[in-house]
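Heads up, the next two complexes both have subunit A, just with different partners, subunit B and then subunit C.
Entry: the complex of A and B
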């Protein structure tokens, strides 16, 4: 298909694709925000086994985990305005991006709620007992003792979610959103150099994923700093972190190099 | 003074505590002994409502609570009267030794941070951990962790400290350092209820020993009397099984 392969296009596409990286990251950040809030709202009734809400939360999670994200995008973008029309609310004029962020947010929220639930459950029961025994109230024990420990447990899974989300956003182009994949499609169609556009696109996704992964790894290490057995472990850990940081810088620079070429 | 009246507790059909009455005078060290499954830990955990008694009344100092209709607020108030030292230490894993001791002072007692810090440092020095202020629990030995646990309980200046088998999870060579700290604070006149298997400790430190079995108090009295002249057959059997350990002199 298209024109004969010409690797120079790969480089010339970088800046063009990067100009839409902002939209991709906006979708990721927006959905994460929505996802975290939804995640907590869904996780709490399940953690505290609140009767009706518990069941609703489970249905919600089943739906968003059990159906493909592409179908969810279509359902929300084409379906939601139709349903709301029945109650005389017109949202057909709302920007596509709102639907996209909403759908990814709800989708991520389902996975996030499971992560939160599992991490909170994983915190040792004795920690809460100690907090109660010293006279803390329920919310104090949760925010001061359980949550910080649950966060540390959650970060590795959370990292996976973020990276999966980043890659999932590429489907937003099916609704006509000009994020990176949409841009690559357009560039390919314009010049008939599809393969070069996809290579360029893949490289950018790779570098962004890699950077996010490293950043989250640093966050994880920071949150888990209490899990070092002794001072030698401590030193080894600091060295590792330094090495990790250097690798991270190298990762960012290689990305930049690509962009400038 | 702590007064437990008719405390009962059931797990499903199984009644673990049967109408227990226990009085602990101010400054007294009460040791609860008994075979496993006798309900001694459950009784201790009822005092700060980590287990909810099905019936009875708990009075600590001038605070009185009837277990049948205790509200969340009542329970919260009751818990502020006591502190607990756990078998598994239960130090807050994400906080340093100093932060563990400060936590209750800052969050529950609402002390200013600086004051909480000075007091916490003094307490950690008292339990011999002045050099480990910034260590996380994972960097401390079991004995050290338990001593932080004791400092954390002392910091709250409670009416009573509840010890739930404080040395059971420790390596044998670390038991001594923890018992030494408990002895030291017992001498200062802090009221304690201790569940333990350390007979030597019970003999030396307790003012009052309670022997429990099958969810009831079988016998209680001063240690000299209970250990040397037990009245009940059940107590004699238990002591006979346990006391050979006492004869070892190292």
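Entry: the complex of A and C
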């Protein structure tokens, strides 16, 4: 199968694959944006326990966490135009990238909503009460007190989500999007040097996810600067006791483990 | 192309035949992954000189790259390696004798191993150090203490994460279609393209996966209740 192994190809593939890194990152950024918006929309009914919407949100999250992203990709790619045809909207001409970003966005939104929900509930109840005691209004207490703390709690999980999303984008080639994996496939088929192409691909993914992780770690440090220096230890301890939250962190960390990442 | 609701049911019935393949892939990769993960986690916790660093590198590499690349690397790389070796040593072994599903098994086990390693490691570290010390003080050896005291508690702690890994591998098994293993996703593709009803077929596949996932979550909840019995009514 293929031509004999030649490691020089690994290096010559780097620039070729990097030329498609933009599309991979575009998918990541686009779906993150969609995901954050949807995550908020889904998390709010669950946080405020709005009757019907709460149930709908739960079903939404359960569906997107309960089915593989690959199936979701195909489902939306083939299903959405048909459903929209029923209401006489024709999107069969829309570029594939739109479907891909939308699907990843909806998928990420489900995980994001859980992250948001858990981080907001993880903020100590006394904080809100103290804010009220100081005379703040509901939204003031939220934006000034709850949000900054919730953000700091959410960052590690968020960082895992972003990296999982980056790895998930490798599936977009199944719909024919020319992102990095698709490019590697083509390069391999063209020259029959499959292994070299995939090694080079893996190395690029590794570097990108490593960079993203480091960047988000910096963000976390910055958001946590109001805590005491030994806070990470304390925080971890508290999370261990809050079972709901620990489960959630777990859920997102390794639930997005497999392919799935 | 019109949506045909009755075909969803037809597709569902046809997809049932592919469920065992998906479950076998999941089961094999999770089991092998657990063993690999346990070894890797222990190597990292005990900071075994060279092997510990290799274990860390393995976990970093696997967790930093998509599962698809592992599968493709194994699928294209392993036969090359094996054929080169067998030509070198004259084993008379041909890589083409490896069934397709074998590549899925190997690659997914490697993937699962790295994720499991992190799950197991965090579970082991979550067990109070005093437990191990208490075990030593009543005269247990390290393997005894690990097996009797640490592992059961670590298992209870890491059960939610383990269940998530299992679900992750279940969902990951859909990638096996790239090496032409007919599991649920590939079957859905076949059913879809022979009947030209893509949406219905994938909807059926999604329903099956959803059901399987909920089932795993349910089972985990039952096991978790059972395994956490010892922990009832503490103060911490």
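Here, the second predicted complex is superposed on the first by the 228 of 261 C-alpha atoms of A that agree within 3 Å, B and C clash if a C-alpha of one lies under 4 Å from a C-alpha of the other, contacts with A are read in each partner's own complex, and residues count from 1 in each chain.
Throughout what follows, contacts are C-beta pairs under 8 Å (C-beta built on N, C-alpha and C of every residue); 3 or more make two chains touch, one makes a residue touch a chain.
Quick caveat: nothing in here was measured; it's all calculated off a predicted structure.
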Contacts of A:74 with subunit B and subunit C, given as first, second, both or neither: second
Which of subunit B and subunit C A:133 touches, first, second, both or neither: first
First (subunit B), second (subunit C), both or neither touched by A:41: neither
First (subunit B), second (subunit C), both or neither touched by A:188: second
Partner chain(s) touched by A:97 [first = subunit B, second = subunit C, both, neither]: neither
Subunit A residues touched - subunit C or subunit B, whichever exceeds: C
Contacts of A:198 with subunit B and subunit C, given as first, second, both or neither: second
Subunit B versus subunit C as contact partner of A:170, first or second or both or neither: second
First, second, both or neither for A:148, with subunit B first and subunit C second: first
Shared subunit A surface residues [contacts with subunit B and with subunit C]: none
Residues on subunit A engaged by subunit C in the complex (per definition of touch): 1-2, 5, 62-63, 65-72, 74-75, 78-79, 82-83, 86, 163, 167-171, 181, 188, 194-195, 198-199, 201-202, 205-206, 209-210, 240-241, 246-247, 250-251, 253-261
Residue numbers on subunit B that touch subunit A, as the complex places them: 48-50, 72, 76, 79-80, 82-84, 86, 88, 90-96, 103-104, 107-108, 136-139, 152, 156, 162
Partner subunit A, residues of subunit C touching it in the complex: 1-3, 60-61, 63-70, 72-73, 76-77, 79-80, 84, 95, 108, 111-112, 115, 118-119, 126, 160-161, 164-165, 167-175, 185, 188-189, 192, 198-199, 202-203, 205-206, 209-210, 213-214, 236
Interface residues, subunit A side, partner subunit B - complex: 124, 126-127, 129-138, 140, 144-145, 148-149, 152, 225-231
